[in-house]
Amino acid sequence: MSRFLKKRSKKTGMGPGSLVHIGKINMDRTSIKLIDYNEDTFSEKAVKNIEEAIPFKDAPTVTWININGIHDNSVIEDVGRIFGIHPLILEDVMNTDQRPKTEDFEKYIFIVLKMLSFDEKEKEIRSEQVSLIVGPNFVISLQEREGDVFDYVRERLRKGKGRIRKSGNDYLAYSLIDAIVDHYFIILEKIGEYIEDLEEDVLNNPSPETTKVLHKLKKEMIILRKSVWPLRELLNSLQRSESPMISKSTNVYLRDVYDHTIQIIDTIENYRDMSAGLVDLYLSSISNRMNEVMKVLTIIATIFIPLTFIVGVYGMNFEYMPEIHWTWSYFVVWMIMIAVGVSMFIYFRRKKWL
Amino acid sequence: MSRFLKKRSKKTGMGPGSLVHIGKINMDRTSIKLIDYNEDTFSEKAVKNIEEAIPFKDAPTVTWININGIHDNSVIEDVGRIFGIHPLILEDVMNTDQRPKTEDFEKYIFIVLKMLSFDEKEKEIRSEQVSLIVGPNFVISLQEREGDVFDYVRERLRKGKGRIRKSGNDYLAYSLIDAIVDHYFIILEKIGEYIEDLEEDVLNNPSPETTKVLHKLKKEMIILRKSVWPLRELLNSLQRSESPMISKSTNVYLRDVYDHTIQIIDTIENYRDMSAGLVDLYLSSISNRMNEVMKVLTIIATIFIPLTFIVGVYGMNFEYMPEIHWTWSYFVVWMIMIAVGVSMFIYFRRKKWL
Amino acid sequence: MSRFLKKRSKKTGMGPGSLVHIGKINMDRTSIKLIDYNEDTFSEKAVKNIEEAIPFKDAPTVTWININGIHDNSVIEDVGRIFGIHPLILEDVMNTDQRPKTEDFEKYIFIVLKMLSFDEKEKEIRSEQVSLIVGPNFVISLQEREGDVFDYVRERLRKGKGRIRKSGNDYLAYSLIDAIVDHYFIILEKIGEYIEDLEEDVLNNPSPETTKVLHKLKKEMIILRKSVWPLRELLNSLQRSESPMISKSTNVYLRDVYDHTIQIIDTIENYRDMSAGLVDLYLSSISNRMNEVMKVLTIIATIFIPLTFIVGVYGMNFEYMPEIHWTWSYFVVWMIMIAVGVSMFIYFRRKKWL
Amino acid sequence: MSRFLKKRSKKTGMGPGSLVHIGKINMDRTSIKLIDYNEDTFSEKAVKNIEEAIPFKDAPTVTWININGIHDNSVIEDVGRIFGIHPLILEDVMNTDQRPKTEDFEKYIFIVLKMLSFDEKEKEIRSEQVSLIVGPNFVISLQEREGDVFDYVRERLRKGKGRIRKSGNDYLAYSLIDAIVDHYFIILEKIGEYIEDLEEDVLNNPSPETTKVLHKLKKEMIILRKSVWPLRELLNSLQRSESPMISKSTNVYLRDVYDHTIQIIDTIENYRDMSAGLVDLYLSSISNRMNEVMKVLTIIATIFIPLTFIVGVYGMNFEYMPEIHWTWSYFVVWMIMIAVGVSMFIYFRRKKWL
Amino acid sequence: MSRFLKKRSKKTGMGPGSLVHIGKINMDRTSIKLIDYNEDTFSEKAVKNIEEAIPFKDAPTVTWININGIHDNSVIEDVGRIFGIHPLILEDVMNTDQRPKTEDFEKYIFIVLKMLSFDEKEKEIRSEQVSLIVGPNFVISLQEREGDVFDYVRERLRKGKGRIRKSGNDYLAYSLIDAIVDHYFIILEKIGEYIEDLEEDVLNNPSPETTKVLHKLKKEMIILRKSVWPLRELLNSLQRSESPMISKSTNVYLRDVYDHTIQIIDTIENYRDMSAGLVDLYLSSISNRMNEVMKVLTIIATIFIPLTFIVGVYGMNFEYMPEIHWTWSYFVVWMIMIAVGVSMFIYFRRKKWL
C-alpha cells in the first residue's frame, strides 16, 4: 500500500458521514480504558463497551477514555451517539489518512494528530493516527493499535505528580499532544544520527547502493513533513481558539508545544537541506572517483600506444630497412621507448593529470 | 490539440458574452435530465428541451437539471433566458478551458469544476468541465459528455438515504462537488501506484524509455495541479460567501470538502517531490550503470595494452636481439606477461576499481 | 538593442516629465483617428492634428481618439495641453519601456499595456506599447505603430452590435483591454504548438542546435511574463478603483478579463515548467544517446584488444616457440579467438551492456 | 576587502552611536558645497566648515549642503550638533556598509542610498554610499568621494529650469533620489550589453575562461540586488510617510521613482534568469562540444581496432598458414579490410553517430 | 553529538517545566557575578549563591546578575523561586537547544539568543545559548560557560561612558543583545574571507578535497541561519511589545539592532548564494579539467591508432606483397605515416579540439 495515500476507493460514492474504516487493521478487538480523576480521587479501569462511560459523562471529575482500535463501526457509532459527536468527525476518526487538524465545535474540540515511530531496521517512519475529542470535562483519545507514548502521562496521573491532577481536561489534552510532539524529537535524533552515518558513507565509501538509501531518506523526509507541518497551524488555532474548552492558563503550555513544533519543523528543514547536500556530495564523490579511475587508466593506455607503434615499425618486413641490420638498433629502440614513456609520464605529472 | 490550452482562436474578436463552444465536441445531441424532490416526493425524467423545466423553476421543491452536452448554442441560450443567467456566465459554460472558480451573483452562484478520470492505458489524465448554477431552489449542472461521477448522488436521492432529501439545493450542490473531489482520490491512488511501479523500474531496469515516461508523468502532474489548486480558493470563497443560497448548516460540509482538497493538494505536492526524486534517481542509476560498464571495459583494455606492447617488442625484426635466440625466452615472456596482468588486476581490485 | 531594457541613456539628467521618445521609431508621421458615438449616432474620421478633437472633448457622446505614432513631441504635448494630462504621464506614454500599470488621477485614469504578436519565422515575441487615457467621456489610445488588434472593436462600434454602443467610455476602455488580452491567447496557442514541436524534436532528434532553440524559448518566456504578470495587479486595482470613470456594471466585465489574465498567467507558468522539463529531457536524451554510442564502441574495442594481443603473441620472433611449428596451431588459435570473442559478447549481453 | 561585507571589526565593543568610519577612505579632505535658492534667488559656494551653514539653517530659502568625504569625525559631529541629528544616524552615515533604508524622525527624515557605477574594464559594479538628511528647509547630502550623478540637478537649479526652483526641499530630495535611480538604468544597459556579448561567446566559443566570467557576473548580480531591492521598501515608506517634510504634490513624483525601481528590480530578476540560463547553456555547449570530439575520435579508433587485429593475424609466424602462400591473399586482405572499414563507417552514419 | 539537534531523549516523559539540562556541560561550578549601578553608584562582586541577590531585587538601582553555567538544577530553581519565573521558562533556560525567541510575561520578559564564535582551525561555528530575563529593575543573563562578548559592556558600565549608566535596565538588556549581534559581524567577516580563499582554491586548484570543504561550508551556513533568522522576529516583537519593561527611548536602539540583523540575514543569504555558486564553479572547474585531460589523451591515442594499423600491414607475412621488396618502401611508409599524423594533428587543431 502506498505510504502517501491510503486506499479510499471502498468508500467511493458513500454519503458524507458514512463510517468506513480506511487504513490497515492492526488489532482484533477494540480495547477501551477509562481513567477518572480530580485533585483528590483517581480511578482507572478497562471497560467492555463505551456505554459504561455514560455515568462519567456529566460528572464534575475529568474523564479520559482511551480507545485502541478504530476499525469497529459499532464502537465509533456508540461514541457518536453517547457524546453527541457530528457524523463527519466520526468519519474522520475512522479514516486514518487524515491531515493533522483541529475543528472547533460548540460543545467539543476535535483534534487529529500523527503519532510517529522510527523502525530502525527498515529505516522507515511508521505513522499512527490519534484523534482527540475534548469535551466539557472529558477527553476521548482514539488510536489505531495498542501501544503509545502516553505511558508517562498515565504515570503522572497515577502518582499525582505535577500540575496534571489539579488541572482540567484541557491540560490533559495538552499533555497528550505534548507527549506526541515530544516523541518527534526522539525520531529526529535517530534520523539525525542516521544522516550522519550516511554522510560518513558518502564521503568514504560511495556505492550505487547509496543512491537507493538517499532516495529512501528523501521519502521519509516527505512523510515526516506531511505529519508535522500542519501541526503548526493546528496549535496556532488551538491557542487562538475562543472555545470555553480551553482555559487561559493552559495557553502558556500550548505556546510551549507550539515552540517545540517550530523547532521540529526547523530541524526537518535543516535535515532536508542536509539530505539534498548529501545527494550532491554523493554525485561529486562518485564522479571524482570515476574521474580518478578513468584518468589513470587512460594515461596508461596513452603511454603505451606510441610505444606499441614504435615496436610495430620494426616488426615490418621490408627488405630495405637499414636500422634492422645495425648492431645497436635494438638497444637504441629500447632507450627511445623508455625516454618517450618517461617523458610522457613527467609531462602528465607536471600538468597534474596524475 | 494542446492539453494546456484549448483553441480559442475561432472566438477572436467576438464581443464579450458571445456563445461559442470551445473544446472538443463529445456527443451528438444534448440530453437533459430533470430530478425534482423534497423530503416526501421524488420525480426523475428526461426532458427534450429546457422549457419543460419552467414549471419547476419557482416551485418550492428542489430541482436538479443535468445537461449533458454544452456545444449547442440554443440550449445554453435557453438556460440563460429562462433562469436569467448573465451572458458572461453562459460564455464560460461553453468554453471548456475554464479555470475552476466560483462567482457570486445576487440571484445565483456559478461554480466551474474539472471532473477528472485516469486513462490507465495511456497513463493520461482526462479532464471534463462541469459547471454548476445554484439558484434559489434549483441546481443546473452542465457537462461535456455522458457519464459522470454523480450516479451515487442520484442513488442516494432516489432511495432517500442520508440527509440529502431533507436538505436544500445547497446540500445538493455540495454533494455534487463532493462527488467530484472524492473521485480525485481514486485518481491519486492510481497515480500513486503508477509512481511506485516506476520507482521499481528506475531502480532495477532503467532504460532510455524511462526518460519519456518520467517526462510524461511530469506533464500529468502539471495538468492535475492546474485542476486542483484553484479548488482551494473556490471552496474557501464558497465558505465565506454571504450568499443566501448557502445555509449555515451546509458550511460544515463545505469545510469537509475543503479539508479533502487540502489533502489532495498535499498529496499532489508529495507526488511532485517523488517524481522529481525519480528523475534524480534515474539519472544516478543510469550514470552508475554506465560508469560500471565503462570501468570494467576500460580496465580490460588497460590490462591488455601493456601486454600487447610486450609481444610487439619481440615481433621486431632486428638482427641483433639476443633474447630471441635464448631457449627459455618465450616461456619467460609469458611469465612476465601473466605477472603484469595479474598484478594490474590486483592493483585495480585493491583500489576498488573493480 | 537589448530586448529586456531599452536605451534610456539619452534621457539621462533630464528633469521629470521631460518628453523624450524611448524606443524604436516605427513610422513616419503620427496618424490620428477619431470615432464619436452614442447609442444612436456614429461618426468616424481621420484628423490632422489633435486640436480638431477639442469640440468632442466636452460633448456628451463617447469619443475615442486613436493615435498611431508616439515619437512626435508636439503631438503628445498637444494631448497634454488640451486634455490636461500630467507631464509624468506624457513622459510614460513616450517611453515605450513601461511596465504595464494603471494610475488613477482625479480626472482620468491612465493605463499602459503591452500588445504582443508572435513572429512565427523568428519564433520571437514582438511587443508594442499601448497607452489608454480614460477621461470623463473620452478614451485616448496611443500606439507605437499602425496595425492593431482593435479592428473587431471598431467593427462592433460601426455595426452597433452588442452592448458597446449603449455603454459608456469605460466599456470602450474595457473592450480595448479585452481585445489585447484576448490576443494573448492566440500567442499562447502558437507557443504551445511550438513547444509541442520542440518536444517531438527533443525526443526523436536531439541536436546541439536544440540547445540554442531551448535557450531562446526561455528568453521568450521571460519576455512574455514581463508583459503579462503586472496585468493582474493592473486589473485588480482597476476593479477596486473608486474612480467615477468606471461604472459598477463594467466591473463584471473587468472581472472577466481578470479571470482571463489569471488563466494566461497559469498557462505561462505551465509552459515554463514544460520548457524546464524540455531542457531536462534534452539533457537526458543527449546523454542516453551518447552513452549508447560510447558503450557499443567501447565494447567493440574491448573485444578486439585481447584478440589483438593473442595474434601479437604469435607474431613474436623467438627461436624456440613450440606452437609455431605444430600443424594445427593456426586453426586452434582461430578457434580460441572466436571462442574468446563470442564469450565476451555473450557476457556483455547477459550483463545487458549491449 | 570582501565586497559583501565591510570590515567592522575595528568598531567592536564600542557603544551605540560611536562615530567610526567603516569603509575605504577615498579622498584627503572633506569638501563642502552649499547651494541656497528659492524661486527668485540662487547662490552657490564652497564652504570650509559646516558652521558657515548655520545662517542658512532657519532661513526660509531651500538649502542644499553637499558633503564629499565622510571619514572625518569632526565634520560629522559638527553636522550632528548644528542640525540636531541623533548619534545613531551619524554612526550610520559613517558606516558605508549600510543597507538602503529610510528613518523618519520628527524633525528630519534620514535616507541612505547606494550610488552605483560600472567599471567597464573590470566588469565590476562600484558602489558608493549616499546619505540624505531632509530637514524642514534643508537637505544635507553626504557622499564618500568627489564625483556624483547630481550634476544635472545642479544644472537645473542654476538655470531655474522645470519645477525644481519653485518647489520645496522635498522636491530637491526627490530629485537627488531620482538622479541616483535613473543612473541605475545606465548600469543595467551596460550589464545587458555585457550579457548579450557573453551569450554570443557561450554559443560560439565556450572556453573554461567563460566559467569564471559567468561566476563573476553572478556575483555582480548579487551586489546589484543588494543595493536595489531595499529601495522598494524605502520608497514605499517615504510615500506612506506622514512626515510634514514631504508635501502631497511630491508624492506623485515619488510614485514615479517607485515605478522605476519596480522596473529595475524586474530587469535585475530577468538578468538573473538570463545569467542562470547562460550557465546552463554553457554547460550544454561544453558538453555538446566534448561529446562531438569524443564521438569522432572514438569512432576512428573503433574502425581501426578490428583492422589492426586482421593485420595482426597475418603477422603471426605459424609454419602452417595456408593463406600466407596464396598469390592473391594480400590483395584479398586489403579488400576485406576496406570492406570492413567502409561498412562500419556506413553503419555509424546510418545510426547518426557521425 | 549532532550539531542540528541535541540529545533530548533523557527528558522523555517528564512533565512540562521539569528542570533537566540538555546540552554539553562546559564547566564545573556555576559562577555568579552581580553588578549594581545607577547614574552615580557602581558596585561589582562575585556571589556564591543567588540568594545574595535578594536585597538588590527591589532596590531602585539597576542590577545585572550574570550566571555562567546552567547545568545545576538548584541554581536555576533558586532563580525561579526568588524572582518568580515560570517553570516552563526555567526549563527553556536549561535546554540549550532553544530557538532564539522572546516571551512577554506580565512581570518580566524572557529572551533566548545564540552567542556564536568561529573556530578558525576547524572552520566551524560554535554556538552558546544566552538567556536574558528582564524584570522591573534587574537583568539576569544565563550562559553555558565562562567567556563572553559582554566585556565591552562591563567596561562601559565601570567607566560610566555613554548613555548606559544613565539609562534603565532595558538599555542594559539592549546593550547585551547588541553585543551579541555585533559579534555576528566578526564571524561573517571571517566566513567571508574563508569563502574568498575557497574561491581562489576552486578556480586554481580544484581537488576532491574541495568537495568536502564545500559540503562543510554548507552545513555551517545552515547553523548560522538557524541562529540568526529567528532574531528578526524576536527583535520585531520586542519593538512592538507593549510591556512596561521597555521604555520608548530604547526603541530607537532596538530598531538599530533590528537593522543590523536584517543586514546580517542579507549577508548570510548572499553567502549562501556564493557557496552555491562555488559548488557550481567547482563542478565546472573539475569537468573542464577532466575534459581537457581526456581530450588530449584521446587525441594522442587516435593519431597513433591508424599509424599502428599501417605498420601492422607491413608486418604481415604474405609471400606475395610487392611493396616489401621495393627499395624505397620503408622510406615512403614513414613519409605516409608522418603525413597522416601531421594532417590529423592539423585537422584537430582547426576543429579547435586541441
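Just so it is clear, A, B, C, D and E label the chains in written order, and each chain counts residues from 1 on its own.
In this text, a contact is a pair of C-beta atoms (placed from the backbone, for glycine too) under 8 Å apart; a residue touches a chain by one contact, two chains touch by 3 or more.
Everything quoted here is computed from the prediction, not taken from an experiment.
Undergrad: Going only through chains that touch each other, how many steps at minimum separate chain D from chain E?
TA: When the steps are counted carefully, the minimum from chain D to chain E is 1.
Undergrad: Without chain C in the mix, what are the joined groups of chains?
TA: Leaving out chain C in thought, the network of contacts stays intact as one piece.
Undergrad: Which whole number of Å gives the spacing of the CA centres of chain A and chain C?
TA: 43
Undergrad: Determine the centre-to-centre distance between chain A and chain E, using the mean Cα coordinates as centres, and give it in whole Å.
TA: One centre to the other, that is 26 Å.
Undergrad: Counting only residues that touch at least 2 other chains, which ones in chain C make the list?
TA: In chain C, residues 294, 298, 301, 305, 308, 312, 315-317, 321 touch at least two other chains, as defined above.
Undergrad: Which residues, counting only chain D, touch chain E once they are in their complex?
TA: Listed in rising order, the residues are 2, 4-5, 7-9, 11-17, 86, 88, 97-99, 101, 103, 208, 211-212, 215, 218-219, 222, 226, 279, 282-283, 286, 290, 293-294, 297-298, 300-301, 304-305, 307-308, 311-312, 314-317, 321, 323-330, 333.
Undergrad: Going by the contact rule set out above, which residues of chain A touch chain E in the complex?
TA: For chain A paired with chain E, touching residues are 151-152, 155-156, 161-164, 175, 178-179, 182-183, 185-186, 188-189, 192-193, 196, 203, 252-253, 255-256, 259, 262-263, 266-267, 270-271, 273-274, 277, 280-281, 284-285, 287-288, 291-292, 294-295, 298-299, 301-302, 305-306, 308-309, 312-313, 315-321, 351, 353.
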